[in-house]
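Each of the two complexes below includes subunit A, the first together with subunit B, the second together with subunit C.
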Partner chain A sequence: MRGPRMSIGSRLEHNEGLFAFLLVLPALLIVIALYAYPLVFSLVVSFFRSDIRYPGVEFRGLKNYIDIFRDPDLVASFGRTIYFTVASLAIEMVVGVVVAVAFNSRFIGRPVARSIILIPWAVPPVVNGIIWNWIVHPKIGILNYLLTSVGILSRYKPWLADPSWALNIIVVADAWKWTPLVVLLVLAGLQAIPEELYEAARMDGAGATKVFFRVTLPCVMWPILVTLILRTVEAVRVFDIIFVMTRGGPANATKVTTFYVWEIAFKYHQLGMGSALAYTVTILIIALAVVYYRVMNRRVEF
Partner chain B sequence: MRKGTALLLAVLLFLPLAGFAGGQKEKKAAEAETITALFGIDAAGKHMGERAAEFTAKTGIKVNLVEVEWDGMVNKQSVALTANEPTFDIVDCGSFMLPEYVPGGKYADISDMFSAADKAKFMEGMIDAVTIGGKVYAAPLMASWTIMFYNTEMFTKAGLDPNKPPVTWDELVAYGKKLQTKDTYAYTDSLGPGEYVTTAYFRWAKSAGAKISEWRGSKVYWLLDSPECAQALDFLKKMLKEGTMDPGAPTYVQQQIADLFGKGHASMFVNWDMMQLTFKNPEQTPFAGKIFAANMPGAKAGLTGSIEGHEYLAVPSPSNHKEAAKKFIKFLQTSEVQKKRAVGEGMTPVLKDLFKDADVKKVINLDVVFKAAANCYYRPAIAEYTQCSDIISAEIQNALVNNKDTKQALKDANDKCNKLLGW
Partner chain C sequence: MVTRRSNRVFLYLFVLAVLLVTFFPFYWIINMSLQSNIELYDIPPHLFPPHPTIENFRSVLFEEQGLMKFYQAVFNTLIVAVVTMTVCVALGSITGYALARLDWKWGMAFLFVLIGTQMVPPLVDLIPLYIIFSRWLKLVDTKLALVIGYTGWLLPISVWILYGYFQTIPRDLESAARIDGCTRLQALGRVVMPLSAPGIAATAIYVFISSTNEFLFAMIFSSTARSKTIPVALTDMIGKYQIRYGDMTAGAVIAAILPVVLALIFQKYLVQSLTAGGIKG
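Moving on to the complex of A and B:
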């Protein structure tokens, strides 16, 4: 015995789940086509030799992944990537929190200062690289001009031609761009801290330092955690600023892992190997995010 | 019913998109044929848009020009060819790039563009360089070699004869001592990472009389650890150390040094021969007319070095407009267009007849260019060339920034490159 047939409209009226799914479906299809499909496809490719220089593909299993760790240049690039990530994040977090705390207190011109600090963040990474290239230019850079003017340097220095300086300058350039993001997120966290907490701490006799470490910092741990994860993902996959400023030189001193991903996949046409390296970077990012989450989560529970 | 309305709205929102896609197809069918040509900015020159407009007026075929700097052009091409997409109908290339794309069938066979009589019109060896297995895969657009440029005004101020550029390395250093000031270097070069430093090094090695590589059977064998190669690298280091060469050179790309030289930051530099006309233009440099061309100095008298950088045009296999693309290439190869490019932009023509043309001779110092051609190094046409170039680049820079000594750097470069090629 079949019951009375329901129209599509009636079914939708009664089935919230189906209705929600249908509404989400177009967006879901776009996400699958533009995001999930390439992700899965590149994962599959990472197990093959796929190289337009040679016709045909060949299944290699995990050999592409193993070869990554057999190549001393690639292993060294992981070291540079980690150095870049740690150094730029350290600058961004310390400077970002200090500036956010300063901007949280009242002073004349605060709204203007808060707006100005965001400008570097609005600058596209490529433009940021070009700006810093001019700043440190060996012939016409303002950094050389200032240092020679005050007598620190006797002659202009080619900063980016020196392997010991090149990566550090990129770190500073990157930190200059991204510190405003940290300021913005931490400042939002600071503004949400109830004034009563500060009053209670002061009544208990806590000084400014203690208030900062016992009240302020724990309260902004969540924004800091979110910022750390976001910035780690960005820093590990840094490419554009390095391409613009040094193209990986001098002598590979600024060649981070993602630079090799680009080189291997698009310059050498080894898509399989390039995809394997890209996935290795992804695994590194996920591992770092999990570590952050666990460490910070433990501290945040107060 | 409200839910049904919401769903209907969602569907309706997508309909225009579908309609737009369909409409685009119909529109395309009705439009005139359009080809998309990808050029490096050097090969395109400043007036490619005008040439394209002339071609459209003649044939009705529209040309969509994409002009980017060399690295960007190679990247765009690589992505389109890897994806097998008909993004481009014409792509700019060097003969050394063919082994990367021809075996995988990415460049179309365009042999039908060249009869025996046609081939004879081109400069010797130009068609052979892009012929694989008897089939032609690219068409010559522009001949090019590197030559030296020097600023005669600076020479005169330093008490040097403006008509006597240095012909040996010793002279270069001696001249340098007179030319360099606190703000000016005697010489600058593009020793930036990648192909820049590699090609620069090749011409210096060539000017030391080095044999950089050789064919052994069907494979290339690198000879980077030869005494001549070491001599060239030591000389580059010496120039950097003594201040003859701008210490920023390991960061510079070709366009940067052209700008710096044009502004008077250096007295001598090496670049592509097409720059000859640029340095005659007062809008480009305050030293217009005072910059002369010469051949690169050699390790000893009689030696000089250069590198070949001819520009070719290929038709990607996925192109849907191959015949129209070939027509445009043919147009660019006509004597009329080649002469316009030579006289108006300083680009060395690919047609032999134009070397006798008085107007062309006025713009291009053919004596210098041909001497460079006779002493140039041809980058080996192998599928792994780009990888080898990056290996060599890193090791040369290792030596230049004193991470490694000369012999070790060259030995490492040689071993890695030969290993990559299966030796």
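Moving on to the complex of A and C:
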């Protein structure tokens, strides 16, 4: 039998709110310390010119932000970011959905197949960059070898040194890594579709195509859109693979905005400007999320 | 569902093509790492290593690679990943439990905030965190800084996964335990936790893999062998040792093999954690 409880113990027993609050407190503190506070801090810093090498700051108000839009390189970087995002997303979503539909059917070895497609997701982005560096290597890369053997290319091509190809190669590398995630998420959505819907459609005499467009696609809209948001947010933040494959070159062809943030803040030590640029990217992401949300609310009908 | 004979053949071919494309780059780097530096220069490139050797692995791990040895990076990465995983699971479970179970009016608001944090690119946090860690706390180049940073980054999704998991556990079990005389904490520890083992596994594997693969934060906050993680050490090699291709590919394989093997072993839990955000939406 237990002895008399201490007053705080019994208070915890009866007050759910207090117990919950205490349990949540550590996480709350961490979120405040590592998200809320830096977020506000970053905003404040973005209004100053702050060079990490020298003490003291200089207030600039919104001038940092205005300078961003005056700088042709930075504006171009936004264009590249958008291109990268649209291109990789197009590949990932289209291929991802098609593969998910294929994997939704039963075939021999499906569990093995589902395991194999996890590999690109697990590979570190840095290693992904290195792998593709080797595949498109100007001298010993297998891509050059294959293309010249088949006759498509007459000479070995330094893919990553060509400004018009570099970003596209990175798009391919990124798509390789992330399409499996799209497959997984969409597949999960597909497998959640109750069998009865298919049966009902078939009893009504619908052929395969009709079943796909009237039953499958609408049910999988939600996972597709969620995946779209997740991938877009990630694609706008791309950094690792660009750093490893081209370092922003050749001739700035792959300098997306996040790369500039790193360069400005940590190579040129301009923390104020770097923060302003980072915030601009954040606003872009939030704007995109809002757009997606609006589109979702209009299209998803159950 | 695909059932006609010709469609079946097409399906198998398609799946085979998908698997080939998926697996080939991974196979290629392993292939390269097992060849000697001389063989790597051969044209045409070898589809299989002609004389497989682990010399590259020995050399990359134990020889000096610009002021540090790669095995130190492996050590750092593992420690940071394990500690981060433990902290995230511990804090994530109690927070997720509180949000899923207990009637607390701010619960939904907090959950909303957690999801909101995922919208913020780590970049925005990076600069203030750098100022905080380097100027105020003097924590640069320590594994502790990485653990703190990664915990902050991965805690929201840990809470989210475990929250979803706790919601699936029937309340009656806890009520039964409490009727039998357990305190809330005891009910939590003895009844709920063991049942949520899969949720904990899902969180653990996701946090572990994310932590070993992270690059940007690690690059900025580490400068010497004391805290450099595998991705950073690997990137260092690119600039400096471009000639020793064998070493670099061996390093890449080491960096990739750990998360890949873990992902394959724990894939059931991994898929759960990845789709947790997806379907429950």
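The criterion applied here is as follows: the second predicted complex is superposed on the first by the 284 of 302 C-alpha atoms of A that agree within 3 Å, B and C clash if a C-alpha of one lies under 4 Å from a C-alpha of the other, contacts with A are read in each partner's own complex, and residues count from 1 in each chain.
Assume a residue touches a chain if its C-beta (ideal position, glycine included) is under 8 Å from a C-beta of that chain, and two chains touch if they have at least 3 such contacts.
Computed from a prediction, not measured in an experiment: that's the story for all the values here.
Once the two complexes are overlaid on the shared chain, A:138 sits against subunit B while remaining clear of subunit C.
In the superposition on chain A, contact of A:19 is made with both subunit B and subunit C. When the shared chain is aligned, no partner comes close enough to touch A:259: not subunit B, not subunit C. Of the two partner chains, subunit B is the only one that A:161 touches; subunit C does not reach it. After overlaying the two complexes on the shared chain, residue contacts for A:47 are found with neither subunit B nor subunit C. Once chain A of one complex is fitted onto chain A of the other, the partner contacts of A:271 extend to both subunit B and subunit C. Looking at the shared chain after the overlay, A:121 reaches subunit C, while subunit B stays out of its contact range.
After superposition on the shared chain, subunit A has more residues touched by C, the comparison being subunit B against subunit C.
Shared interface residues of subunit A, touching subunit B in one complex and subunit C in the other, are 9, 12-13, 19, 23, 26, 52, 139, 266, 271. Within the complex, the subunit B residues that touch subunit A are 1, 3-4, 6-7, 10, 13-14, 74-75, 78-79, 81-82, 99-101, 103-106, 182, 192-194, 197, 246-251, 260, 265, 383, 386-387, 390, 393-394, 397-398, 400-401, 403.
The touching residues of subunit C, when paired with subunit A in their complex, are 1-2, 8, 11-12, 14-15, 18-19, 21-23, 25-26, 28-29, 32, 40-45, 91-92, 94-95, 97-99, 101-107, 110, 113-114, 117-132, 148-149, 151-153, 155-156, 159, 181, 183-184, 209, 212-213, 215-216, 220, 230-231, 234-235, 238, 245, 248-249, 252, 255-256, 259-260, 262-264, 267, 270-271, 274-275, 277-279, 281.
The touching residues of subunit A, counted against subunit C in their complex, run 2, 9, 12-13, 16-17, 19-21, 23-24, 26-28, 30-31, 33-35, 37-39, 41-42, 45, 52, 99, 102-107, 113-128, 130-132, 134-135, 139-142, 145, 149, 176, 180-181, 184-185, 188-189, 192, 198, 222-223, 226-227, 230, 233, 236-237, 239-240, 243-244, 258, 261-262, 265-266, 271, 274-275, 278-279, 281-282, 285-286, 289. Across the interface of their complex, subunit B is touched by residues 8-9, 12-13, 19, 22-23, 26, 52-55, 73, 137-139, 155, 157-158, 160-163, 246-253, 263, 266-269, 271 of subunit A.
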